[in-house]
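For reference, chains read A, B and C in written order, and residue numbers begin at 1 within each chain.
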Amino acid sequence: MHANFLDPFQSRPSLVHSLDARVKVVLVVAFILTSALTPTGAWPIYVMLIAVIFSAEIVSELGLAFYMKRALLAIPFVLAALPVLFTIPGPSLLSLPFGLQLTQPGLERFISVALKSWISIQAAVLLASTTPFPDILVALRALRLPRLLVAIIGLMWRYLFVMVDETLRLLRARSARSATAANPALRPGGKLTWRARVAGGMAGSLFLRSLERSDRIYNAMLARGYDGEIHSLPVPAVPPSAWAALTFGLLLLAFIIAIGRLIY
Amino acid sequence: MFAAPLPMHIPDGFLSVAVSIVFWVISVIVIGISLARVNRDLGERQVPVMGVLAAAIFAGQMLNFSVTGGTSGHLLGAALATILLGPWAAVLVMTCVVAIQALIFQDGGLLVLGANLFNMAILGPFVAYPVYKLIQRISGGKPWGVFVGGGVAAWASILVASLSCAFQIALSGTSPANVAIPAMAGIHALIGLGEALITVGALSLVYAARRDLLQTGSAQPVRNNTAVWVGGSLLTLALVILSPLASSNPDGLEWVAEQAGFLETARDPSYNIIPDYVLPGISNEATATILAGVVGAFIVLAAALALAYARRKRSA
Amino acid sequence: MSCVVEVEHLSFSYPDGHSALNDVTFSLGHGQKVALVGPNGAGKSTLLLHLNGIHPRQSGSIRVSELDVEGKNLPRVRALVGLVFQSPDDQLFSPTVFDDVAFGPIYQGLSAAEVHTRVEEALEMVHMEAYIRRVSHHLSVGEKKRIAIATVLSMKPDVLILDEPTAGLDPRARRSLIELLRELPQSMIVATHDLPMVRELLPRTLVMDGGLLVADGPTAELLSDPALLHDHGLEM
């Protein structure tokens, strides 16, 4: 089994891919912040944000369809915002059974929340699929995340695939033995608590094996001179072109925020 | 399949900027303390132990068991990590898991990551620890203390985290408190049962194979965790007491927030202002929207042209 | 003659487009023991995972004890095909040996008494009765292999499928595993790189390479054909 499909990075020779990871992280967070600051019902601003993110997606050469598919992830959570349709007071648009009133400000609020999360998740997808993970790690380090945390996350990424492989193999071995009896009258599946205990057993053995594996890794690290200090090569300077992209991007976003704040 | 199973990873867009920032600050402080504590307790072993276990918890969240009719129970793992590693290390492990889920798999947003970290990586261990320890103490060190304590801690960690999640959403004005809190609590009281069952299953395997890990004073140092005791208990009590208050009437949360003087800062100032549209020179909203659409179309067109140009240059 | 396993024109590509099986056809009679050999990446494991439907069939047909390995038959097929994975750690995920061996019978809904008999019988067949209360996590590799075999024997399968059973065993554990496989009455397919074991234990051999079944015949004949062995990266 190969869990490589987990890695969302998709290599392409595009401008977005080649942009410095630090700049990309900052711009993506700034973009999400901009969308969070966009007032409810400021439709023109949303159109601009969509235009900006679509542009970046086109330039990334991965195809809009790819992003649309990945952006569906946030949909289930939209349920949580449904009640505002009916609870924000205002002019009623539609009367529904049970005395529910669909109000105009409610609808605006709901659509705004849905748009914000749709726009933001696209930016996050863009970051993850155009930036190799090691570059994101360097960016986190450059953005002053504690070294220790960066080192832990780096090691986690390295073993993530090993662990996911291991989990998939466990699940596969379980389904290989999940069978029905020769006697069709018997109901397969066992008791609920028993099934949960089996899944728990898998979690427990995964945990124990990882703990033992971490001992071996630690010894291997010691064998190569590890002393608890995390040494890493200095982060190279941000090239001028990346500075330019950063400045341009931040100005654009500041402009969008300003319009939103001035008009609404 | 790799989306974590819990409807608890808040995406971007659902929390106001103020709420997001407040929880970022809280989370950064607690994670900073955890880093220092784990550094002291584990020393140089911490990188391999924390890294590998974070990977294991991430992978373990894929483990499931069928409940009925297509629904299944899953593991979040905060309580299990807390019981086996102690609260501070559990905070770090869960922090890595939740951060990677947001950063790489878009499971939960980036701006709201502070809030998600608070619910799942901080509150989870902080609730599980006192509950587990208390029950274990009551049991007088008998094995049932481990299992009952572990199960209740797992259930409580899910429930309290979901309450906090509902509060954050309600404070941001994205969902009314009297709907969000009972709904989240109801769903997660059930989901928490799945968590409790898997956690007990995992603990019984560990109990059979490596009992030493469950005996206090071995794998996890038990020095002075008063902060977790006090903090965890207070947070749990606060959320459990505030929830019925906040959801008892339609304005419950407003009432709570007013008492705390929090509401005004919590909501974006623009939230209450229904757009009263004035754009110099343009008389109505429809025109402005069309204009924005045109501007947007130009931006996208420019991007496409830039792309075509870049490609030509490369192939030339 | 009715066969336990019949595979016809089976082809399979992984989602990434890699074609791992190409028009594979063979059948296995009752009580027959065959070896499946071939270089790394030949497609042996992929073929084995088809036999109990872990990989859904893309084209061709697979029948086990007269049942199509497909859709609604899968739950039954999984009891008839005892698949033993290469790494016993994947197969042993419960606290004790008893729990692991009892998984299949409990899942099938058998009564408690019957579950106990099944477990005892299965452990007896692999000569591990004394281990019933042991913790799986602490066993040696050789012991784990035997328990892994018991976990499928407890389902009373018609055919045993073993993926590299002797990999990682010391000479003594390997020897006793070979004796165990010799004693077991079930039909079996053994994917392996251990040609001495094949010669000793399995009268018939299938050779795979690059997703193709390139030879199928008596072991003695195939293993004494130096050209064939050389072409497919095998060495005695």
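Operating definition for what follows: contacts are C-beta pairs under 8 Å (C-beta built on N, C-alpha and C of every residue); 3 or more make two chains touch, one makes a residue touch a chain.
Keep in mind it's a predicted model, so treat the numbers as computed, not measured.
In this assembly, the chain whose C-alpha centre lies farthest from chain B is C. By the count of C-beta pairs in contact, the leading chain pair is A-B.
Note on chain placement: the centre of chain A and the centre of chain C lie 40 Å apart, centres being C-alpha means. Chain centres here are Cα means. That of chain B falls 43 Å from that of chain C. Inter-chain centre distance (chain A to chain B, centres taken as mean C-alpha positions): 14 Å. Within chain C, contacts with two or more other chains are made by residues 94-95, 137. Listed for chain A are residues 166, 170, 189, 198, 201-202, 204-205, 208-209, each touching two or more other chains.
For chain B, residues touching at least two other chains, in rising order: 204-205, 209-210.
Those residues of chain A lying in contact with chain C across their complex are 5, 166, 169-170, 172-182, 186-190, 194, 198, 201-202, 204-205, 208-209.
Those residues of chain B lying in contact with chain C across their complex are 204-205, 207-210. Contact residues on chain B toward chain A in their complex (touch as defined above): 2-3, 7, 9-17, 20, 31-32, 35, 39, 43-56, 58-60, 62-67, 73, 75, 77, 80, 84, 92, 95-97, 99-100, 102-107, 109-111, 169, 173-176, 179-180, 183, 194, 197-206, 209-210, 213, 250, 268, 270-271, 273-275, 277-279, 285, 288-289, 291-293, 295-297, 299-300, 302-304, 306-307, 310, 314.
Across the complex, chain A is touched by residues 15-16, 49, 52, 54, 75-80, 83, 85, 87, 89-95, 99, 103-104, 106-110, 137, 151-152, 155-156 of chain C. Residues of chain A touching chain B in their complex: 6, 8, 13-15, 28-29, 32-33, 35-37, 39-45, 47-48, 50-52, 54-56, 58-59, 61, 70, 73-74, 76-77, 79-84, 87, 90, 105, 108-109, 113-121, 124-125, 127-128, 133, 136, 146, 148-149, 151-160, 162-164, 166-168, 170-171, 189, 192-193, 195-211, 213-215, 217-218, 221, 226-228, 230, 261, 263-264.
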